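A, B, C and D are the chain letters, set down in written order, and residue numbers restart from 1 in every chain.
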Amino acid sequence: MPKIEPKSGWKAKLHEVIYEADTPSGKFFDVTLLIVIAISIALVMLESVGTLNTKYYWHFYIAEWVITIIFSIEYILRIIAIKKPKNYIFSFYGIVDLLSTLPTYLAFIFGGHNLLFAVRALRLLRVFRILKVTRYIGESNRLLLALRNSRPKIIVFLFAVLIICIIMGTVMHLVEGEKGGFDNIPLSIYWCIVTLTTVGFGDIHPVTPVGRFIASFIMIVGYGIIAVPTGIVTSEITRSEKDKIPKNTQACPHCNETKHLDNAEFCHNCGKPLHEH
Amino acid sequence: MPKIEPKSGWKAKLHEVIYEADTPSGKFFDVTLLIVIAISIALVMLESVGTLNTKYYWHFYIAEWVITIIFSIEYILRIIAIKKPKNYIFSFYGIVDLLSTLPTYLAFIFGGHNLLFAVRALRLLRVFRILKVTRYIGESNRLLLALRNSRPKIIVFLFAVLIICIIMGTVMHLVEGEKGGFDNIPLSIYWCIVTLTTVGFGDIHPVTPVGRFIASFIMIVGYGIIAVPTGIVTSEITRSEKDKIPKNTQACPHCNETKHLDNAEFCHNCGKPLHEH
Amino acid sequence: MPKIEPKSGWKAKLHEVIYEADTPSGKFFDVTLLIVIAISIALVMLESVGTLNTKYYWHFYIAEWVITIIFSIEYILRIIAIKKPKNYIFSFYGIVDLLSTLPTYLAFIFGGHNLLFAVRALRLLRVFRILKVTRYIGESNRLLLALRNSRPKIIVFLFAVLIICIIMGTVMHLVEGEKGGFDNIPLSIYWCIVTLTTVGFGDIHPVTPVGRFIASFIMIVGYGIIAVPTGIVTSEITRSEKDKIPKNTQACPHCNETKHLDNAEFCHNCGKPLHEH
Amino acid sequence: MPKIEPKSGWKAKLHEVIYEADTPSGKFFDVTLLIVIAISIALVMLESVGTLNTKYYWHFYIAEWVITIIFSIEYILRIIAIKKPKNYIFSFYGIVDLLSTLPTYLAFIFGGHNLLFAVRALRLLRVFRILKVTRYIGESNRLLLALRNSRPKIIVFLFAVLIICIIMGTVMHLVEGEKGGFDNIPLSIYWCIVTLTTVGFGDIHPVTPVGRFIASFIMIVGYGIIAVPTGIVTSEITRSEKDKIPKNTQACPHCNETKHLDNAEFCHNCGKPLHEH
């Protein structure tokens, strides 16, 4: 069978190391990559700190090139190792991998290291690569599922919150005017969102008695409705938690009755043995 | 039957388009209206921003007239299309539709565009019209039901919060006085609501050691009782979630007894078989 | 029977009106009292506002005397109407009623209206009288029960929060020192409580990178553990909600088996009828 | 049996008092220790307040020595009372006990009371000793268990929050720049954590319209996902609550099968009666 033969070649070996995580070398590859990604993210962050950047300019410069070359090699290896490179190149992770490596090269070609910081910040996209490794964590799937199931309800809820914010924001703008900083309706809506979500920065806050009364009302309403998304998600997680308990799916061979206890020997419906011997 | 005949006339067709959403033209009408409402709300918001208003005064003026005319036509069509116009005119949405269209005409009659902004803000009432379309979203009904069921408990809870705020607000006013901004009892109660709901603007905050100690106490209590509305709503949603599971609705053919177990073969009331063979 | 005879006298009638709420006159008495209490509380609050107090000094003065006399009459009537006055006088409400009426008289005897505001604020104790009328609301009992049942867990939790705050507060004091306002350990602990409960006034906030890093850690921990009291109370309410479903308490007269379905006619254990005819 | 003999000696008596809490003297020892620990913690806190420290320097000095000597005696007694002193010395509590007593002696040997405050703050480690006494509170174990069970899910969740914060922090840094105080990416991430956890200090806050729009988005997302850890812990506590209900623990005398229904008369495994008569 010629089809299996290439699997034993170096390409197959490479595929196993890069794309799979069952073998020791595959795990080692994943962990190494995670560390390099973490270093690379830390670098971009620290580089944005003005004092550090002027002091350790060259350290950052060299470190960035080392990391870019490592990621470039990884990118090329990923294309080589896969049978249909298109599947990888145009996948979400393929695009992230490319976009996060490009800026360093672009900066080298067009005017040294002075490329717009916004473009260089693209390197932070590497953070998404960490998600690739979340396949280890089975819990994340169940959490995502619970979130996805409660999505329609949460959208309805957030929509209601938005309408409350638009109306209360307008009212606050009319009542407070420019005294407390409620200069215009969008700003008042922003304040309303800040308040209803109980964040409360305090940069804008009511100063008139009527404004404070309405604000108190908004806060108490916010206190009452913060319970809603929690209730939705909790109910969803509790349900998914129950589904985890393995359900018995066997059917009685005599009366076709289902939902037996896991250790039942006899059908609870017709009394005949569940397992033929 | 003459009663059915008018339904096939143009009025019936109009009714179908405006008031119903089953047909393609009905859906198209609803979606178009939603977009116009969204634009109209955005306009009122942006108009309140001083710099934008002076710069694009005429753009806003014309756009507002276009939208007002669209809504006026819609309002008249709604009255024509319905058999008993009173049902619409004096309904909640009828009043909202009228109030949100009037200001532009009033501004035109009494002194140009300089009408009090508060009156013009009435146009924002159109936001409620969005709710009309929520009939699409089945989830919203179940959420509202859960909220309505937990209303008595939430009112009791908010009432308790208010009493805590009145008492702690007075205590803080006595302890802090005018040093930290606790100038009078209503202001202290406002601060107490801001704190208990964990919003925490920071415009007013205790500065004396005793005041800070009491504030810490209030915050920890708030932390403890924020759980209560959440618990109430969660319990309600979990319950409504369970009710969703289809219940056995068969009735015994002999004694008419209902609520049998899903796998019951015999009536638990009269002992006769539930299914005739 | 001479014991029943006094009940038909005017004292018994008075007792019915004041202490009971079943008769129309009893309900009327309660509602009137509630309104007077609300007015009285509003008065104390508004009196604390400096500008209002200087402007409407005499209005406040007269209104306060009217209300005090009403409450004094009520206090005397309550003592007369009850058989054992001690039961009322030394009860929680009896003391509250007395303490909230006294200040006005004290102010009259010792130096006019200039009595210490703190003493006059005692009048706000009347707010507790509102609780007397909560007997109408059945929900409040179930809520209180759920809270009382989860009290041991919530105390353990708040105790853990306090220990976290003491330790993290000390760490923040050592790291930030007096730069960000963390002048001493009690102040740092206060800040830690403000942060962990997600109130976040902003009067004190970290300014050093290390302090901000630790603060981030504290906030994320707070985010994670805010779930605990909610979980406790929700679980308690959900359970009490279930207990609401009336349980069947009848026992089979033949085999003494309990926990039958509410509408069961025959014992599910021995098959004999549950009700003897 | 010589092994039992030493138990009746004074060492055994000491062990009973110090390490056990069943006897009155053991309880008295625990309570006394708790009070001394509380006083000691209060002392360290108050000492950090500059004004108090200069005023009551000698009171603090003497009180600290008294407490240190009490703890030193307790430490030595604990070593004597236990059979294998190593078990105590190298246990978590043994190290805490030593570390929290040492600073006073170190300060005495190396330069009086002027030792680095950070070292003296080690005395606050005594707070952990309070945990030793939590064995009284059975609830704490069940709470800890619920937290431990939900740990994997909470870690996944916090990890997701961190990634959101890194990305949104970078975006805010690019959008707001140094206008609103978003000077660099780590600072922006710090702000993002402050916002997402709904703490909202207000020391850093967006000032540009676009920045405020993105901030609104972050806050609403935070509002939506704050529900997740709550849902996780609630689901866990509810489940542990259910496990509390005493389960039927009888085993079939014929086939040793367990987990029978509470009212089962016959084994569901072998069909023979569960109770011999």
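General remarks:
Note that contacts are C-beta pairs under 8 Å (C-beta built on N, C-alpha and C of every residue); 3 or more make two chains touch, one makes a residue touch a chain.
In UniProt terms, the chains line up like this: A, B, C, D = Ion transporter.
In this text, all values refer to a predicted model and were calculated from it rather than measured experimentally.
With contact taken as defined at the outset, chain A (Ion transporter) and chain B (Ion transporter) are each touched by C, D. At the interface between chain C (Ion transporter) and chain D (Ion transporter), two copies of one sequence, fewer than half of the residue numbers in use are shared by both copies.
Equivalent interface to A-B within the set A-D, B-D or A-C: A-D (over half of contact pairs identical by residue number). Among the other chains, B has the CA centre that is most remote from the centre of chain D (Ion transporter).
The two copies, chain B (Ion transporter) and chain C (Ion transporter), are related by a rotation of 90°, based on C-alpha atoms and rounded to the nearest 5.
Measuring from the averaged C-alpha position of chain C (Ion transporter) to that of chain D (Ion transporter) gives a distance of 30 Å.
Remark: chain A (Ion transporter) and chain C (Ion transporter) have CA centroids separated by 42 Å (rounded to whole angstrom).
The mean-CA centres of chain B (Ion transporter) and chain D (Ion transporter) are about 42 angstrom from one another, to the nearest whole unit. For chain B (Ion transporter), residues that reach two or more other chains under the stated contact definition are 157, 186, 189, 198-202, 226, 230-232, 234-235, 238.
Across the interface of their complex, chain B (Ion transporter) is touched by residues 198-202, 230, 234 of chain D (Ion transporter). Those residues of chain B (Ion transporter) whose C-beta lies close enough to touch chain C (Ion transporter) in the complex are 152-153, 156-157, 160, 163, 166-167, 170, 173-174, 183-186, 189, 195, 198-202, 205, 209, 212-213, 215-216, 219-220, 222-224, 226-228, 230-232, 234-235, 238-239, 257, 259, 268-271. Interface residues of chain B (Ion transporter), counted against chain A (Ion transporter) in their complex, comprise 41, 44-46, 48-50, 117-118, 121, 124, 127-128, 130-131, 134, 137, 139-140, 142-143, 146-147, 154, 157-158, 161-162, 186-187, 189-190, 193-194, 196-203, 226, 229-238, 241, 263, 265.
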